[in-house]
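Everything below concerns the one structure shown next.
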Amino acid sequence: MSEKFIELLWAEKYRPRSLKDIVNQEEIVKRLLKFVEEKNMPHLLFAGPPGTGKTTAALALAYDLYGNEWRRYVLELNASDERGITVIRNKVKEFARSKLPGDTPFKIVILDEADNMTADAQQALRRIMEMYVETTRFILIANYPSKIIDPIQSRCASFRFTPLKKEDVIGRLHWICRQENIKCLDDGLEVIYEISGGDMRKAINILQSTAALGEVSVGNVYKVIGLAHPREIREILNLALLGKFIEARDKLRDLMVVYGLSGVDVVKQMHREIFSADIKIPEEIRVILAEYIGEIHFRIIEGADDEIQLTALLARIALLGRKVS
Amino acid sequence: MSHERGIPWTLKYRPKTLIEVIDQEEAKSKVIEWLNKWPNVSKKALLLYGPPGCGKTSLVEAIANEYGYELIEMNASDFRRKTDIERIALRASTSHSLFGFNKKMILLDEIDGISAREDEGALEAIQELIEKSNAPIIMTANNPWNQNLRILRDLAEFVQLKKLTKTDMRSMLMRICKAEKIICNEDAINYIIERSEGDLRAAINDLQSVGEGFSEVTLERTKLLLRPRDKEKDPFETLRSIFSANYSWQAKAVINQSQLDYEQLKMWLEENIPLQYTNLEDLERAFEALSKADLYIGRIAKTGDWDLLSYAIDLMTAGIALSAKNSSKDKYRWIKYSFPQRILLASKLKEIRSIRDDIAQILAYHLHVSTSVAKNEIIPLLKTIFTTDPLKAAKIALGLGFTEKMIEYLAGTNKNTILEHYRELKKRVVSHHRSKPSKSIESNNEMYKESVGLNKNSKKEERNLFAFSKKK
Amino acid sequence: MSEKFIELLWAEKYRPRSLKDIVNQEEIVKRLLKFVEEKNMPHLLFAGPPGTGKTTAALALAYDLYGNEWRRYVLELNASDERGITVIRNKVKEFARSKLPGDTPFKIVILDEADNMTADAQQALRRIMEMYVETTRFILIANYPSKIIDPIQSRCASFRFTPLKKEDVIGRLHWICRQENIKCLDDGLEVIYEISGGDMRKAINILQSTAALGEVSVGNVYKVIGLAHPREIREILNLALLGKFIEARDKLRDLMVVYGLSGVDVVKQMHREIFSADIKIPEEIRVILAEYIGEIHFRIIEGADDEIQLTALLARIALLGRKVS
Amino acid sequence: MSEKFIELLWAEKYRPRSLKDIVNQEEIVKRLLKFVEEKNMPHLLFAGPPGTGKTTAALALAYDLYGNEWRRYVLELNASDERGITVIRNKVKEFARSKLPGDTPFKIVILDEADNMTADAQQALRRIMEMYVETTRFILIANYPSKIIDPIQSRCASFRFTPLKKEDVIGRLHWICRQENIKCLDDGLEVIYEISGGDMRKAINILQSTAALGEVSVGNVYKVIGLAHPREIREILNLALLGKFIEARDKLRDLMVVYGLSGVDVVKQMHREIFSADIKIPEEIRVILAEYIGEIHFRIIEGADDEIQLTALLARIALLGRKVS
Amino acid sequence: MSEKFIELLWAEKYRPRSLKDIVNQEEIVKRLLKFVEEKNMPHLLFAGPPGTGKTTAALALAYDLYGNEWRRYVLELNASDERGITVIRNKVKEFARSKLPGDTPFKIVILDEADNMTADAQQALRRIMEMYVETTRFILIANYPSKIIDPIQSRCASFRFTPLKKEDVIGRLHWICRQENIKCLDDGLEVIYEISGGDMRKAINILQSTAALGEVSVGNVYKVIGLAHPREIREILNLALLGKFIEARDKLRDLMVVYGLSGVDVVKQMHREIFSADIKIPEEIRVILAEYIGEIHFRIIEGADDEIQLTALLARIALLGRKVS
């Protein structure tokens, strides 16, 4: 029954299976195809922002090496699984012991979010990598290569994944919409792209959630991710800038209640809006605001009361607005 | 041993007899005199200390060799746990010897290299060994102020070995050159001697580096191969370089060449900023920089992220160097810097704080308040009683089971009077109790001890009727 | 017998043993006596200002429940002294395991200053309270009920201790004076009441210290207060304000060594001092100083070294002093 | 905890049992009833402010699905209680193993405060949700949907709970008062509504505590929640604004002692009062004050000393007042 | 590690095997060759920055002494091996003590990164070096010789390895590119040299990773190491200092996307650049900037949003720039 009920996650459903299906990162794909050809490879380090296809490339590489049975020869270790170094050691040990694939002289361990490991754990990892190198190759996946210790970097061939271009992401979303028979509006997709920050997986997830509400419109996207419509945030900012502090504050309260916005949500949205072209703020005010928003954001992160801090922010904006006009 | 095999010169030219031991005449005679008298000596062990390469171990070996002692050696490469040391003691005490020596001597080398963690209990065992041993014990160390040596001060005679003189070193190096048939440039020899700073072993190693396999030691090769040793700046040089820096990079560079780590530097600066900067605005700026640096150090502890250290260092170096804006001449004044008082005061402060903590615990127990209430509210009031009414104070001290140290803390200048009363009262209480045993305050204090978990190991502390001692 | 040789602190000596001896908070005492009668009670939360008898009531309740042996069945903890919730958990565990009293079906844990615990620790505490509820009841004592998390509040019977009336405090002091055969003047007692801010324990402590000087007169009370709050802090402030930085610092060091004060202690005393009538500074300077002190205190809380921070504070004060004069 | 004991809390006693008893959130109730009818449902995500009936709806849904025996088939977890994802994993594992209810093909796990989980823990949760989907459905409850990671959002049917209307809350309180035979004043209920910020559970809790003091009046409400009467806070503000700094401070101290106010309590009340119509402050001062209160609030949150920070605040207000007049 | 596999990493593939293959550090190589000839040498301490060929020289020396079988006579302990005091006392002592094959002059212990060993472990080493010197020689390798305790320095002949000259490094990279048939641009290689700071191994690793992206150009090099070009960071700082806040921000955003920089990466790079001579600002401004950057760094560590905080940082810088100019 479950298949029927849990629809697949689109991010999984539309993930390329083979290296040949990957449309971006051409240079990297070319290099990886070499490894498939030669049936040999060193340890690899895939680095780059989230959603640029690192995991996809690793899995596709495995698919191309081992064919349909690839799952047998691949051990995937995720950051969110139990992953003390001892667990890793044991799992790898177990895995390394199992039979080797017919014609490829090694198996693959894929270690996601390797940059989240402490330096000490990475040292231990390095030793594990050396110990089982005869039969096992590691693919380390990281967002920030600078967090990977040198000794590992120098033992891996590293590959840098670059952010996807806007047209690539939007193109892909369009294509999925057609496959799924979903009605989508251009500005809806654009907003998804912006919010996702170029992260393909995130973009597809948002698309799927939005589609559940009906058509992919700007309003629906914001509803799905639990944020206010930018227009309303701008209204509040404008009220404050006009010195209508109390009004601004009341409107903000309403907004938070209606959309269920947290303080951090509001701060982030305000931050985005003060830089939008749709709001008229003198340059110098923008600067001061940007600084103060940073301060307020930090306070809320540290556990301060949303309402008091946001009021303080509006107060500052009102003061600034007064000085200007 | 194969004769073809080359051996390093430091080994090849190691002294075998006392005469071959260069310099150190004073130490030599002291050691021999002590050894001759043994065991009729005031201190049953000897500690030779001096910088590396001045011949401590060689001296002992030469003496053992010459006077016919079997040398039982233990050094930092050996485990030195309690049991290991007891084994040595056993070996030293067995009457016969496999090698036909009739005398034995124990050499505990590199005493300052005893590991606090791996060699736990070593120092206590050595103390015991010294007390019981029937063989003379000689120890060596580089740094006589090493913590490990503190408890040995009363048990061992300290004998200093000095850095070797340049003349002595020169004659030794020349001797080696001759033996190795190497033509030697005098300037090159001087260069090596300068560089070694009295460490003969290092000089011989250097000589081998530039000499072995070449027929001639030239100054040119010597200079190319042996670069001047980079020395770390001592605290005084460190401070001077920071204060006098005109550019931030200059100031920032200092920390990499300093003997001081960032924690020590912080305290040295705290002590000496007001000596260097006299203008109040400069002073305030400098302290603000230090205060912020310190804030980052605090945040390292809070977040566990050492990246933040670099900001602390910026502020401590460049921040302070650039604080002298009003009176920039201050930067270059020659100042006699002083050692941070707070390091000197630290142990005193720690002691006083622990007494205060102990008093607070007693009060907290009796009055059912937290120790911080006891400290901030009750101790000050108690102090007034102790400074105004000695007899009452003594009674309270007795009633609450204070120790004499606690009384001293509370009484200040009044302490002698109160202590007299206290001792007198205590005698009377004891006699009173003998005649009429009853449970009273002791049981009260018993209960207190129980509550803070003191009774489990309080056998020794029971000596004093109302003894109170710290937790832990 | 040994009365002749020893003396106790009056706050201990004259603490009511049984609920019946408590003269104030009648409503509360009435309700607590019910629990004694029924030999049953829920968890309790005692809230109210310091020195209003919360701890006394808790102990008296225990005494009335268990009689002379009460200490056996009571575990007293002070949240600000115990290092962390784990320590508390272990102590409670140990204690809950021990034998139950004959006819009362539970033991009591008294947790003083419970409002000093973080929200997380309170969550854990709540779980501990539930776990041992069969055999153990908690009496939580707090100055600030708002700092106790909702889930605990809703699981406790709450008791609100109100400040003692002036005549109650003074009456008690009078009575003690008679017991101790101390001469006291009415205005002396009145001053004690005022200084103590209605805190009975504090009042009794001051009374005892004053009695050490002889009669309880206004003069003697002030003398005691003066002695208890060393003049040194004020001297240090004055030296610093005169620009004598090094002298001020040396004196500060002496003070800390002699009294064993922590940096936070000193900061708080300084703060008290600058708002005392005895120090002559213009109002504006006072305000600026208060802000400095707030800032320095904040840095210490953030983990900075208290001595460095205090020295930096002195440097600021010195500079400020110069500007003024 | 025992049923009998729980019944004592009105918030429990008057909680609707069945979906049909829920009077607000009509849209949501309609959709949930569909699930009951079909005896099938996807994972659900309930989002919205506290006290809007999310947990009530989840429990009522369970009741309607399983009838009186519902507790057998429901596992209630609180994300901020359970220490870590491993505990959750184990509990769910255990629970999923147990027998299924006769005619409904799944059991329910209710996970409260899911938005308090870290992103990593949510990733792990997502995997757990997938693993046991055959036999178990999750209802995730969250205040801030934006804090729920995308992959979970896209696997859940989302329900947005909106704040209750004032008349709904007050109506309910009135009704409870009649049931419990409690005398209540209109302005008392209104104050309860305000303090509760539309949170029904909180409102009922306050009502119950106040009722324990006698009638539900404004004074009693403030007494119960441990806050000062707004009038008194305003008095302090006014004193400070008049430059009577020392008086203001002394009064504040008294107030804190009498009501047991913590620093955060005072700051929050001040924040509320500076925006009340009952206090006459020029608009610009209001704004400056709002900002400064934000600063002080943050410091106290970070652990700074209440007294030092509040004194600094009053001092600042006094300076402001001087400038204005 | 399997030989065949190692060959895939260029840094290993092109590592000199014999002393004669080493092209830099001529004096030292000459000296070492003589030791090989004489079959005698003292203990050695190789000091110098990373990548100056210390380890290579030690291994080549061993190779030249023992030929292909060299691994038999050498005990290599790396930083990743356990090297505490216990290992020194057991494993190292055991090896040093063990008998020597007839025709070999001595065995060698290579301790890489000896300056990372604890003082305790170093202490344990010193007497071993003396007692077994006839059969065993030590080569200690250290980046910071001052962290080697004096007594050990005194027992070694020390050699200072100097950073490789630019032309040496670039020459080598050129040669490798020819071997591997890679297209490289001169400024690309130059940038690699700069980043490597004269560390040959690091330079070769970067070369290999860059080659994976296609041609070795400046852009690709920076992309690979996951850092922005320092020039670009300086540009942003300069823009902000000139008050061109929006431009600075836009440039920073682009940079972060293109290079995949994390907030911490940016902050660290900025911190490095503000002290560079290429930024023309008064010295004291540098310190103020460092403090700002430190504050923002702290906030990001505490979990604040990268973008908001970096914008706040630029805003602060812009405000500062305005004040200065």
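Each chain gets a letter, A, B, C, D and E, in the order it is written, and its residues are counted from 1.
Here is the rule we use: contacts are C-beta pairs under 8 Å (C-beta built on N, C-alpha and C of every residue); 3 or more make two chains touch, one makes a residue touch a chain.
Quick caveat: nothing in here was measured; it's all calculated off a predicted structure.
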Chains touching both subunit B and subunit E: none
Fraction-based call for subunit D against subunit C, same above half, different below: different
Whole-Å gap separating subunit D and subunit E, where each centre is the average of the chain's CA atoms: 54
Whole-Å separation of chain centres (CA-atom averages), subunit C against subunit D: 32
Computed distance of Cα centres, subunit B from subunit A, in Å: 53
Per-residue multi-chain contacts in subunit E, two or more chains: 264, 302
Subunit B, residues touching no fewer than two other chains: 299
Category of the chain touch graph - line, ring, star, complete, other: ring
Chains in cyclic order, anchored at subunit A, direction fixed by subunit E: A, E, B, C, D
Subunit D-touching residues of subunit A, taken from the complex the two chains share: 1-2, 5-6, 9-11, 78-82, 202, 205-206, 208-209, 212, 224-227, 243, 245-246, 249, 257-258, 260-262, 265, 296, 299, 302-305, 307-309, 311-316, 318-319, 322
Of all residues in subunit C, those that touch subunit D in their complex: 42, 47-50, 115, 123, 127, 130, 133, 142-147, 150, 154-155, 158, 160, 162-163, 197-198, 264, 267-268, 271, 275, 283-284, 286-287, 290-291, 293-294, 297-298, 301-302
Sites on subunit E touched by subunit B in the complex: 27-28, 31, 34-35, 37-43, 84-86, 88-89, 93, 102, 105-106, 120, 123-128, 130-131, 133-134, 137, 145-146, 150-151, 153-157, 159-160, 264, 268, 271, 275, 283-284, 286-287, 290-291, 293-294, 297-298, 301-302
Parts of subunit B lying in touch with subunit C, wherever the complex brings them together: 266, 270, 274, 280-281, 283-284, 286-288, 290-291, 294-295, 297-299, 301-302, 341-342, 345, 348-349, 352-353, 355-356, 363-364, 366-372, 375-378, 380-385, 387-389, 392-393, 395-396, 398-400, 409, 412, 425, 428-429, 432, 436, 438, 440-441, 447, 451
Residues on subunit B engaged by subunit E in the complex (per definition of touch): 1-2, 4-11, 51-53, 57, 75-79, 109-110, 112-113, 115-118, 142, 199, 201-202, 205-206, 208-210, 212-214, 221, 224-225, 227, 230, 232, 246-249, 252, 289, 292, 296, 299, 303, 305, 307-308, 310-311, 314-315, 318-319, 322, 325
